[in-house]
Amino acid sequence: MSHEIIEKERDRIAPQFFGATGTKHESRYQRGLKVLNRLDGEAARRLIETLQEVSPDFARYLVEFPFGDIFSRPALDLKSREIAVLAALTTLGSATPQLKLDIAAALNAGCTREEVLEVIMQMAVYAGFPAALNGMLAAKEVFQERDRGRPGAEAQAQGTKSSLGETA
Amino acid sequence: MSHEIIEKERDRIAPQFFGATGTKHESRYQRGLKVLNRLDGEAARRLIETLQEVSPDFARYLVEFPFGDIFSRPALDLKSREIAVLAALTTLGSATPQLKLDIAAALNAGCTREEVLEVIMQMAVYAGFPAALNGMLAAKEVFQERDRGRPGAEAQAQGTKSSLGETA
Amino acid sequence: MSHEIIEKERDRIAPQFFGATGTKHESRYQRGLKVLNRLDGEAARRLIETLQEVSPDFARYLVEFPFGDIFSRPALDLKSREIAVLAALTTLGSATPQLKLDIAAALNAGCTREEVLEVIMQMAVYAGFPAALNGMLAAKEVFQERDRGRPGAEAQAQGTKSSLGETA
Amino acid sequence: MSHEIIEKERDRIAPQFFGATGTKHESRYQRGLKVLNRLDGEAARRLIETLQEVSPDFARYLVEFPFGDIFSRPALDLKSREIAVLAALTTLGSATPQLKLDIAAALNAGCTREEVLEVIMQMAVYAGFPAALNGMLAAKEVFQERDRGRPGAEAQAQGTKSSLGETA
Amino acid sequence: MSHEIIEKERDRIAPQFFGATGTKHESRYQRGLKVLNRLDGEAARRLIETLQEVSPDFARYLVEFPFGDIFSRPALDLKSREIAVLAALTTLGSATPQLKLDIAAALNAGCTREEVLEVIMQMAVYAGFPAALNGMLAAKEVFQERDRGRPGAEAQAQGTKSSLGETA
Amino acid sequence: MSHEIIEKERDRIAPQFFGATGTKHESRYQRGLKVLNRLDGEAARRLIETLQEVSPDFARYLVEFPFGDIFSRPALDLKSREIAVLAALTTLGSATPQLKLDIAAALNAGCTREEVLEVIMQMAVYAGFPAALNGMLAAKEVFQERDRGRPGAEAQAQGTKSSLGETA
């Protein structure tokens, strides 16, 4: 398959990624913000603002690629994507703040608390009991925060209270 | 919460785990075999037989805990569980034979090929492109094997052709 | 090897797991609690209680499989098992609270402080200096806590002071 | 920082990421191919073609994000980027085919063989001797392949001999 | 514990490691201290003192092997070595305190802040966005500490203020 | 390359590491070789020779630090050290050739086959079932090789049949 074919293939499969159709020219960044807002607008906004203070480019990539490109693909629903994310982050073990953000996001995407716990519990089989145990304790914290009326995990975000959530 | 409460709690939740025999009291091992048969009976049987030659106890635990205890819990459907497993194994990176087994199992549990690829692709975000790339190539192999009429991943299993699938 | 043989094999090897002999019908849960009490009753009790608030089933599995099934197997003494656990948790790197619990457990199982440090130090070779360094600092904290008369690592446990230790 | 500021920031930094076509508006995909060609055109072409057979979208993302976005950033030279990649892949341990590709890429980016070995050797300190040892053996294979006149690591690529290298 | 005590302790344990003195016979330990001083004398001194309280031997190995043997090899400059270290520690994910120490060390070895961020950002490709995100936040903290006039990461060091930095 | 050549090579590269000779001044390298010979002389010799072809310095470090420094410390017996190594390598998951070498080494250090399997089995709890499963299959291969009269794991070593075992 030659380079020309590569180019054609790309156009055939995903013309919408290159600004041709639909709501016309919606950028990857805009698409990413929409997904983030649906998952956990307030927490995502704070995280992005915190990141922008150290690396605005990385903050942009974080919106564009994971959320603008991957999460917004129609072939898998958001709830299933969050199940995959909970499994991955519990397995990694070293990303507890992100796990807490995504436990909240999973709940916002339609997972029940019970389903969140099932996914984390299942990781005892694949990543070991310590990883699952830490995931369980992270879930407990997120549930408690929500029961107290506060939005999900806020561990990594310390920013101003601007309007990203509303305007995106 | 005292020890007595722990004991009571256990009995309330899952009395069937401690029982004798009979359909009412299906054993953890029997339940595990049923789940394994549904996911990929032939490949699972071979893997278990291979394991039994080196450690019959571990072969039994593998049926009892992951499949008899965890996979057979009703709070999450098999398809969602397999999505979580694909995410975990792609993230681990070092368990390609198991990943191939579970790609086949995910297809048997109702995932489409496209959904399998979406989960693996999403791991580029959480575990990096090399992990996702290796997952993609594993999926390609499983798809090709199935297209050639052979059952899924067989990497780790070399055993006799007995009837576990039918009788379990 | 057919399914029937699998069933027979299981019975031959470990009849005691299925409630046939000995102190008659000691459950996996009861066996697990015994091991946990020997390793670090107070810390284990608190951890289990904390877990029970979020997932009683996972709290039960944690007692049953790791401790009721694996740790209580006679083929390896508790001290050797704790050496393996210290190596595994130091290698994982992301499970510091569990590492602290198991440093205390290793001491209770007969390891000297020097032996604990040797195992962690050796992980510099297999998992790198950062992992070993973090393990060393965890050990230092556990040793200091014990020197101050407090029981081992308590990082993950916040519960009531009930009698699990005595009654199990 | 408000959402409006986020949008402005993005435009200030990288207007070219959002554009139409023409040399002024080179696409992320085109930029990515250029970097890949410089690093190891033949091996990259084969890998992309192999990927396209299973997931053309992932093949495109692989060109666009890692190479079109990240590697083509001017703030760090290609040689330093490859040093970082060798360190990361040696540390991961489970991505030997990619490590081999990047050992070849590092040589093409200006690293000497001695420098490649130094980076891998240093990982004995951070990821342990087994990881460094496996990296060393991967380097040995790549060096031997190049000494025999064959292009670098070819482990993951089986494709036709088209002209991506020349035309991209 | 002062620097003099460090020297005495070292001599007591393993005089044979250090041979005679003079430039001809500079010991591995002395070479290691020199490198450490150049990278981040104050933070390194505190870390070593903390370690010496729990394991003087491991403290010595930490100076001798990583810094006396590996970092002091002439075949790769310190700046390139620190780029490799940042990549490795960001990839590991579970060694944030060491990552902060090495972000400071990388700056001292000649990396700009922008280059530090580029290396961490690139790890989004190889180890996933969560690992890169945590690295970014670690870099932000180190930069802020330096802007406030305090030396780099101090997370793991609580010791007396002796003179290792000046005299080694 | 024979053992004599190893000695000469070593002396050529870094005579200063070995000080004077005689039992009083046994070098780290000599101590390391003794430990390696006791653990698995033939396999270790081949691995070192293979490494020396790509990086004689790294081959030397591998003897000096892990074996000359760490394994030869008297505070923990070789058998316990090998238990820790089996746990670490099973947990890593990506170091199967080294795991096989160390399964053989553990047997040579006094572990029974049953104990080797117990340690690997226990890793199902700490690193997950896939890691333990792969460890089990590695053990099975090593046991089979030994039953066929061949020395332990030989995966990574292809060298001449010299006399390192006897003379070191």
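The chains carry the letters A, B, C, D, E and F, assigned in the order they are written, with residues numbered from 1 in each.
By definition in this document, a residue touches a chain if its C-beta (ideal position, glycine included) is under 8 Å from a C-beta of that chain, and two chains touch if they have at least 3 such contacts.
Note that the structure is a prediction, hence the values are computed from the model and not measured.
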Exercise. In this assembly, which chains make contact with chain A and also with chain C?
Worked result: B, D, E, F
For this session: Scan E-F, A-C or A-B for the interface that duplicates D-E, counting it as a duplicate when over half of the contact pairs agree by residue number.
Result: A-B
Seminar exercise, completed: When C-D and B-C are ranked by contacting C-beta pairs, first comes B-C
Seminar exercise, completed: Outermost chain relative to chain F, judged by CA means, is A
Problem set entry | Chain at maximum distance from chain B, centres defined as averaged CA atoms | E
For this session: Find the geometric centre of each of chain C and chain E from their Cα atoms only, then give the gap between the two centres in Å, rounded to an integer.
Result: 33
Exercise. So how far apart, in whole Å, are chain A and chain D when each is placed at the average of its C-alpha atoms?
Worked result: 25
Problem set entry | Geometric centre distance via CA averages, chain F-chain A, whole Å | 44
For this session: Going through chain E residue by residue, note those that touch at least 2 other chains and give them in order.
Result: 57, 61, 65-66, 70, 73, 89, 92-94, 121, 123-131
For this session: Write out the stretch or stretches of chain D touching chain A in their complex.
Result: 1-7, 9-10, 13-14, 18, 20, 27, 29, 33, 48-49, 52, 56-57, 59-61, 65, 69-70, 73, 159-160, 162-164, 167-168
Exercise. Residues of chain D touching chain B in their complex?
Worked result: 47, 50-51, 53-55, 57-58, 61-62, 65-66, 89, 92-95, 97-98, 156
For this session: Would you mind writing out the residues of chain E in touch with chain A in their complex?
Result: 92-94, 117, 121, 124, 128-134, 136-137, 139-140, 143
Exercise. Which of the residues in chain D come into contact with chain C in the complex?
Worked result: 123-131
Exercise. Which bits of chain F are touching chain C when the two form their complex?
Worked result: 65-66, 70-71, 73, 75-76, 80-81, 83-92, 114-115, 118-119, 121-127
